[in-house]
Structure formats: structure tokens, C-alpha cells
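By letter and in written order, the chains are A, B, C and D; residue numbering begins at 1 in each of them.
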Amino acid sequence: MNRRSKEALFFNIFRGCALFVVIVLVVILGYILINGVGKLSIDLFTQNPAPNSHGAMVAGGILSPIVGTLMLMAIVLIIAVPAGVFGAVFLVEYGGNNRISRAWWMIVNNLAGVPSIVWGLVGVGLLVYYLNFGLSLLAAGVTLSFVILPLIMVATKEAIEAIPPSIREASVALGATKWQTVRHHILPYSASGILTGIILSLSRAAGETAPILLTGVAVNAAIPSSLSDSVQALPYYIYLMTQTSDRSAAIPMAYAAALVLIGVIVLLNLGAIILRNRYRQKYRW
Amino acid sequence: MSDIAVQDLNVWFDKNHALKNVNITVGGNQITAIIGPSGCGKSTFIRCINRMNDLIAGCKVEGKVIVDGKDIYDKDVDVVDIRKSIGMVFQKPNPFPKSIFENIAYAPRIHGVTDEDGNVHKASKQELAELVEWSLKRAALWDEVKDRLDKSAYNLSGGQQQRLCIARALAIKPEIILFDEPCSALDPIATAKIEDLLIDLKNDYTVLIVTHNMQQAGRVADKTAYFYLGDLIEYGETKQIFENPKQELTEQYITGRMG
Amino acid sequence: MYIAIGVIAIVVIAAVGAALMMGKGSNDKSVKVLLLKKTSSSVAYSPMDQEAVYNGSYSLSRYLYLYTDGVPSTSSSIYKWLSLIYNTTGQQMVTDAGFYPLQTSDLNAMKAQLQNGNNSAVTGAFTESGSTTMTEIAALWAQSFKQSTGITVTIKTPGSGAGIKDFYNKIVDVAQASRAMTTAEKATAAANGITVVEWKVAVDGLAIIVNKDNPVTTLTLSQLEGIFNGTYTNWNQVGGNDKAISLYGRDSASGSYASFKDLVLVNKENYTSAMLQFNTNALIVPEVESAVGAIGYVGIGFAKEASGTSADTTLSEVSSPVARVL
Amino acid sequence: MVALKSKKNNRYMRKIFEGGMTGLLLACALVSVLVLLMVFMFLLGNSLPFLQNNDIWQFLTGTHWLPFGDFPSYGILPLFVGTLMVTLVASLIAIPVGLGATIYLSEIASPQVRNVLKPVIEILAGIPSVIYGLFAALVLSDWIMVIFEPNTRLNALNGALILAVMMIPIMVSVAEEALNSVPRNLREASLALGATRWETLKMTIVPAALPGIVAAIILSMGRAVGETMAVIMATGNSTQFTFNILASMRPLTAALAIDVPEATVGSMAYYSLFAVGLVLFIITFALNLVAEYVLARFKEAYH
């Protein structure tokens, strides 16, 4: 086994691993495509879920789950994004790198790793009962914001730290104040990185099920008319369809909803990738 | 023109005593070179003049730096005013990732423009254009960039970028300009251009330049100060420093290189 | 060159996977419903036999309930909701979902209880939360209620226990349960200022389902108890062939978990921890279909749909004419 | 004369505006600071009533988990073993495959292949866990049924396999970053000495990037421990105390999702579930701390 053939062997093993990863993706997406595409129709996107003759919620479309998911993402956008982005800007720019801000970033990093079901548990206890939001769109949205807030803070920090310190020094040397430096130099140049982070966090929010499972979803929730109504969401609908009777009707609907959800996620991810690459040329340093 | 009087200046970075009771007065309208081996505190010294050391965590400054009769380390002094009147050019060119025009117009836009009788008003488009043209001409870059002012500053060469940074500093009409080893990242031709520019700037500005290049100090500087391990060893006419230095340490440093 | 191999491999894998999936789907997807005997010598009854469930000869019969705070007055939307449930269309929907409508005696009792209500608090949309067994019935009721009155009833199905809890915590207006409220729950409700009113809305026969290749057709109550408390672990101990028993039941939040336990585990012992727990009946059916040694319990609606017998046929080894309210 | 020329009011105005903006940013930072700490306090606060008057040792080692009913027993060992078995078996698969794919991606793959493989990995990372759960519940479990003939279609192996698939993207992205941050000159130095690319990898690059790789493994295990939806749909959720991977198990996360709707606010069961939440929080927090420490030390070595 000379050195050359040993190298060839190992490199083929590594190629196999990479191939396996690709195969896994193709098989999973393939199954969802094959089983879900048949159900795609206009009605799917224009009707709410409705009971069939036996009462199983497999008839109609998935309009209210789609709208529910978008509403949840909107709440996350309103709550988690501003607090996360500006909070991170403050901690990086004004916090300096003393021990406190380093310790704080360690906490934020670790909170980004907390299981989403634990956020769901806290969401139920704190929001649904203690603050009496009840099982509602608001409780689900705020719980989701808990999950996403640390992710946005970490993404913003990384985007800001990608800017070389010499540019911050140049601005300060010209007599720009702290805020002017942030406003004119830090935010504009890191905007694409922050935006990418926000998009990826929102696509994570769209896919989360555990937090909303406990805090706000209902079987036949139509499109919520107020924050206190309960909400349907695509991930919950998929989970629900695997538990509904009339399985021969329910399973295809689960695959169809999964296809739509993956469509949303892939679109968001591609948008983030394109954004990142386009801006990368503009601000290479 | 303005002169700078430094009185028993001491600087610490956490425990490291970077500058030890430096006393020096730098006259106006002349170029003062600050030389010395690396780590002797020459960059720290120049960064004290426009308080850039404030940015560094754990930095402690004691002593006075009097610019035009006013100590810039006084409590009630607004650091923004100091930096408006003292420009700085860094070792590695650091233009903003904006167009050439925007790079220069940035500072006047945030500070406004001061007219004859001293009051400040928002710079109009016309005034900005004139100021940009004036700065670029003053930095001897106008002819090379006048027809691509809206292009990104990153398309310029190293030497051009550094001259752009100089133009950017000139745009805020400072009294003093600090250069922290401006040519160490540049090729000989670009370095020569910068040195000619420095000599030209001497007539209107007080110029301090940190350099580890002895020949450069010899060519451009009227006065030279030699720092070693945080102490100001000797300060005087450049000719005198290089030909018959008074201090033993200065001579060792000069001959070590000259010989 | 590696790319070519990779692409070919992917296509082959996907094709095989798809075929497997399709193949799996074609075989006869159904389960077998067992008959139950009170003692080894008594007559075996099937939950499919409506009379046997009505008169209790099928031992795992139970009511499905709604709970409200006081009797709703005629102006309340809950009054309209209950009127729909108790008129012919409402009870027909119970049959559509595969369950048994109320016997006439129960139906009349409930209609009587509905008269001269005094609680007119809820007039608009409201929320009903609880049993997953009643998901289908409640969905049918909610759809026709929306069509006839325009009022939206939001249905939540975290399980009977959770629904009852939300009810006495005043988070929801109506609880739906596949078991009666316990005295402790009624006490807590009373403490929260709720006058608990119990409404029988349908009849269910908890069906015991097994894999269709399992030879066993009948079990006595004590054998059933032995299986679910872990005494019997192999089918050959209860007259079947040598195959390990795998148990499928509901999770503790569901009403079926509690009512099955009261009716079968009569010595107050717990289910064996080997029992897999699911939060809806529908999840149990595919598991029993896929494992030969499987046994599970589901509401009659799910058993009918999964065993391929249509909703209205009734079959039983022997059925006695005597009708008796449970 | 250095003309401190700006007018009094202009400077005063700027000071106010500057203070205002700093205040606003501080407010946002405080919001996120307080929210995240408050949430942790709530988790701790609600598990104390349980931890104070129940024997914690019995809680951690008891083999029966039945929080409801007349004689509840709060033993989370079966749940802990569930999480442990599922995560370990998943790691046994994900670590070798993940590392292999990472090394291929950063060292062997041609630029075109890399441009295809990187988006594939990012999309795999982006797929919501409920869709992995759907695939495990409907497809993967049938394949396992055919191959291993387990007693129950839904079992811990089913959960472990799907978790392995979910771990790989995280491992690849973190480990690849570690490999890329090994300075180029290290690789060139080894090649210049005549080492083959594999020997260079084996002897210089991987050892140098080892801390980063270890951090990647720990972070992906943290994700596996914290996963809920995929395991609920894949493992059958029985609370039996067993180490048999072909048997059904219920990990800690699944226990939370299943039991919380049933728990009455203020009941012992409610507080016991918060204690389970706290245990999960501590496990993932510890894993993240270790990963963070390893990564920090690794970053210092090369920056």
C-alpha cells in the first residue's frame, strides 16, 4: 500500500461521504417532491383547511397555515430584528472588548444554542399563563422571537466584525462621533451581512414548530383576525397531518405542505446567498 | 501657524509604560520627523496629539499636550473639535469603500463648512465640489482622478489611495497633519511623490511624520526627534541630529544605520 | 468522472426509494378489530355492534362529553352550538365520523337540560379545547355551525386532560372530553367560580385493534388487562402464536388513556412503560398495520375507517336485544 | 491658532443628538439583555418548587416517568437515556461522514464541485426539523422495518438516523471554517517538503484544525440533544427504560412537548417539567461552553 494508493483510498472515502450527503438531500427532497407535487393546485393556496365527509381536516387548502407562518415571521421581524441588530451594534461598538461585553457575548452565543422546546416551555409559562396572553398568535410570535433574538445578535456581530478596524479609525480620525461612525461607516458596510443574517433567521423562524406547538396553534384556526386569536402554521399543519385520520388523504397533504414550506425556505436561503455574493464584490477590502 | 507644546507626557498600556515624561515643543510651518527603533513609542506619541489613543482599551495618559495654548486633555475639551483641526494619515491606506468624491466630501459634510468670520454652515453641493477639487489638487492627485470622481476609491493604486487619504484630511482645513509611517506600504516612486507633497504642505500646515526610514527624515524634515524605549533622547535641527548628534544613543542609532 | 458516477447513483437510489414507497402503499392497509368477552365463558361482542355498545355488553363503551360553565341561555352562541349538536344533522355528523349518536333516552335528557339556561355570557365566537378523539366530530360541527350561523368555533385538540384544564382555568369556554371530569377537576372548577354542566354528545366503543395477520380474534377483559399492565409479553400467552407483543396507546393528556385505564386496568395499576404513547388515535393505526405483534386501542370512528368496514355496518357474533343505558 | 471655531449651539446640538442615539442603542441592548436573562430566571424560578421538595437524586436516577395521575413518579433516567442513545448513535454516523465531507469540501473538491456542494449543505441546514420528522415517520421507519425487523416501526434507531442527517450540515459548516482558517503557509510548507496531500492533511492541517473540529462535533451534538420535532415523530415516545436501540424511547425534549399541554399551572407536574427544561438547558449550555472555549483557544492560536 504505497503512499500514492493510500492517498487515493482516503480521498475516495471522503468523496463517498460528500456523495452520501448529496444523496441524502436528493432522496429527502425527491420523496417530498414526488408525493407532494400531485397535490399542488390553485385551491391549495386559496382555501383554508376544512373537514372532509368524515370530519378529518384533510380537505380544502393550506391558506391559513401559510398566512399564519407569514404572520409569525412578521412578529419576529418587528420584535427580534430591531432589538437584536441595534442591541448587537451597541455591544460591539460601545461595549468595547472589556470583560463584561466578552462575558455577555458568551451568554448570547450559548442562548443561541438553547433547544427551541425549552423556549416553548418558558413561552407557555411566561406568556400564555403568567402574562395571560392565552394560546394565541401573540404568545407564539413572542416565543419565536426569543428563539431568533440571539441568532440575529450573533449574525450582526459577525457582520460588523468583518469590517477592518482601520476604516473605523479613519472615520474617528476625521472627527466623526461614535454615532456618526456607526451611522455612516459601520452599518452601511455591514448591511448586507446583517440582512443575510436576518433572512436566514426568518427562514429558521418559518420552520420552527416546537415553540409554537405549545403556545398558540389550533387545529382549525382560520386566518387570525387579532393578536389573541390562535394561529395555524405550515410546520404545525405538517405535524398535524401525520396524526390525522383518513391517512390516505392526510399524508399527501402533509407532503404538499412540506413542499410549500421547503419552497419558502429555499427561496429565502437563495436570496441570502445571492445577496451575500453580490455585496461581497462591492465591498472587498 | 500653530505649535504644539508637550509637557511631561506619560502613557501606559495596562502595565507597559510606553512613553516616559516626554517634553518637546514642535514649531509651526515646519516638518518634524520622529524616528527610532520599532516599539520606541513614536506612534504612541503621535497618536496622543489627536487623542487617537482614547480608542485603545487600557490606555492611560498623563501630562499636557498644549495645542495653541489649549491642553487637549482638559476635561471640557470636546475631542471632536480637536480631531477636526488635526488631520491624520495612517500607515496602511484606509479609504472608505465609497467613491473618490464621497471619501473627501464625508468630513466636510458632517462638520459643515466654516466661512471667513468663523461661523459654520451646512456645505452646499457647490461648496463640496470646490472643496473636493481643491483638496485633490493640494494632494497632487487631481489630474489622475478628475474624470472618475464617482468611481470606487478601491480601484486606485496604493500610492494614489494614500494621497486620497491626505486629500481627505486636508478637506477639513486642519492646522496640523500627523503622518504615521505613511510610506512604509508604498513603492519608491509613490513614496517620492508623497515626500514632495509633504514639503509643499509645510508652507501651510504644521507637519509631524513618524518614520523608520532615516533617508526620508533627512530629505523632508526640518527638525527631528529621536525616541528610544519610550524616552525622547534628542531633538533638534535635522542636519545637526544626523551629522553631529549630542547624545551617545542617538549617534549609535544614526551610525548603526549610516555606516 | 466521479460526478458521472455520483449522478447515476443518485438516480438509482431515488428510483428504488420511490418504488419501495409505492409498493408499500399498495398492500391491503387495514387492521383487525377484536371481540371482547367479559369472562372466558361469556359472549364475545364487537365494538362495531351499535346495540352491544349501547347496552354495555361491549365492555369498553363510553360517552363523549362537552363541559360548559352553567347552562347557556337562548341568546348565547353556545346554546346554538348545543342545539346543532342535538338536532338530527348534528347527530348524523357523529355517525359520519364513525361514532354512535346518542340513544333517544340520552338525547331527550340532554335536550331537557338545555331548556331555561341562564348564562348568556358567550354570544360570539368561542374556543373549544380537548379530546383528539373528537377532532373529527368537532370539525364537522364547527364547519356546519359556521355555515348556518356565521359564528366561528376554534377547535384545539391537546387532549381531554389539557382541554379540561384550560376550561377550569377559564382559558377556553367549552371543554370536549372522551372521559368524565374527575371529582378533583370539578372541585377546582367550582373553586374558580365555574358551575360545571356535563353534556353527553356521542357514544364511543374503544376498539382493540391488532395486525390483520394476527390469528387471535377474541380476548377476555382479564387477558386485555394482562397485556396492558405488562404481565403478558408474548401472544402465545393469550392464544396467539409465538410473537412478542408491542403495545400502542395514547399519551397521558388524552381522555382515551384515562377511560381505557378505568375500564381495563381495574386494579388501579399503571400501563406498562413499554407501551408506545401517541397523542392521536390516527397515529396508532399505521403502527398496528406495520407490526404483526402489535395491539392498540382507538376510538370506534378510527377503527371503522382503518378496518375497511364502512361506517354503518354492524356485525357481532351474538347480540342481545336488551338496551340499557351505561 | 487652532480655531475651536464651531459655534456653541452647533456643538451642544450634536452632543444631545449623540447622547440620544447612544441611549437608543443602549435601550435595545438592554431589551435583549433583560429578556434573555428574565427567561432564564423564569426557567429557574419555576423549577425550584419541584427541586426544593423532591429528592433530586431520585429525580435524576428514577426509572419511571409518570408526572400525572394519582401516584406520580418523577424519574427522568429513561428520558435521559433516550436522549443519550439517540444522540450517541447519531454521532457515530454523523461524525465520520461529516468529517469526510468537510475534508472533501475544503481540500479535495474542485471549485465547481464546491459551488454545488456548499449550497446543498446550506439547504440541508435550512430544512425545518418537522420535514425531517415527516421523512423519518413515513419513509425511513419503513426502510428500518424492512432491514432490521424491529419490534416497533417507530424506535430510537429511526430517531438517531434522522438526527445524524441533521447533525451533518452543522458539523460541515463549523469544521470547514476551522480547516480554512489554518494558515496557507502551513500547508505550503508541508507540501514543499514533498509530503502528499493526504500526508499534509493528516500531519499538519487536521491536527492544526483539531480544536475547531472538536468544537464542530460538540455543537452538532448540542443541536441533536435539543431537537424535538424530528424525534417526536420518529421514536414512538415510549417511556420504557431500555438501552435497546431498536426499542422505542422518549428523549427529554419529546417529554416536554408531550407532557406540557397536560400540566396544570402550579401543579407539581408543571414544576417538574420546568426541572426537565432546566436539565436540558444545562446540558446544551455546558456543551456550548466547551465548544466556545475550544474555539476561542483555537482562534487565538491563529490570529
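Here is the rule we go by: a residue touches a chain if its C-beta (ideal position, glycine included) is under 8 Å from a C-beta of that chain, and two chains touch if they have at least 3 such contacts.
This one's a predicted model, so the numbers in the text were calculated from it and none came from an experiment.
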Identity of the chain that, by mean CA position, is farthest from subunit D: B
Larger contact count among A-B and A-D belongs to A-D
What chain lies closest to the overall centre, CA atoms only? A
Counting in whole Å, what is the centre-to-centre distance of subunit A and subunit B, each centre being its mean C-alpha position? 48
Centroid of subunit A to centroid of subunit D, CA atoms only: how many Å? 15
Give, as an integer number of Å, the spacing between the C-alpha centres of subunit C and subunit A. 36
Can you compute the centre-to-centre distance for subunit B and subunit D, using the mean CA position of each chain? Integer Å is fine. 50
Multi-chain contact residues (two or more partners), subunit A: 15, 22, 31, 129, 177, 242
Residue ranges of subunit B touching at least 2 other chains are 80-81, 84, 111
Of all residues in subunit D, which are in touch with two or more distinct other chains? 14, 139, 261, 265
Contacting residues of subunit A [partner subunit D, same complex]: 3-4, 6-7, 10-11, 13-18, 20-22, 24-25, 28, 31-32, 82-91, 93-95, 104, 106-111, 113-122, 124-126, 129-130, 146, 149-150, 153, 177-179, 182-183, 200, 203-204, 206-210, 213-214, 235, 238-239, 242, 251, 254-255, 258, 261-262, 265-266, 268-270, 273
Interface residues, subunit C side, partner subunit D - complex: 3, 17, 20-21, 24, 158-159, 161-162, 165, 169, 188, 244, 246, 251-253, 268, 270, 272-279, 286-287, 290-291, 293-294
Going by the contact rule set out above, which residues of subunit D touch subunit C in the complex? 64, 66-70, 78, 113, 139, 141-143, 145-146, 151-154, 236-241, 247-248, 250, 258-259, 261-265
Across the complex, what residues on subunit B touch subunit A? 50, 52, 55, 57, 80-84, 87-88, 90, 92, 94-97, 106-107, 110-111, 154, 165, 168-169, 172
In their complex, what parts of subunit C are in touch with subunit A? 2, 6, 9-10, 13-14, 17-18, 21, 29, 93, 96-98, 127, 132, 135-140, 142-143, 152, 154-157, 166, 169, 171, 278-283, 285-286, 301-302, 305, 311
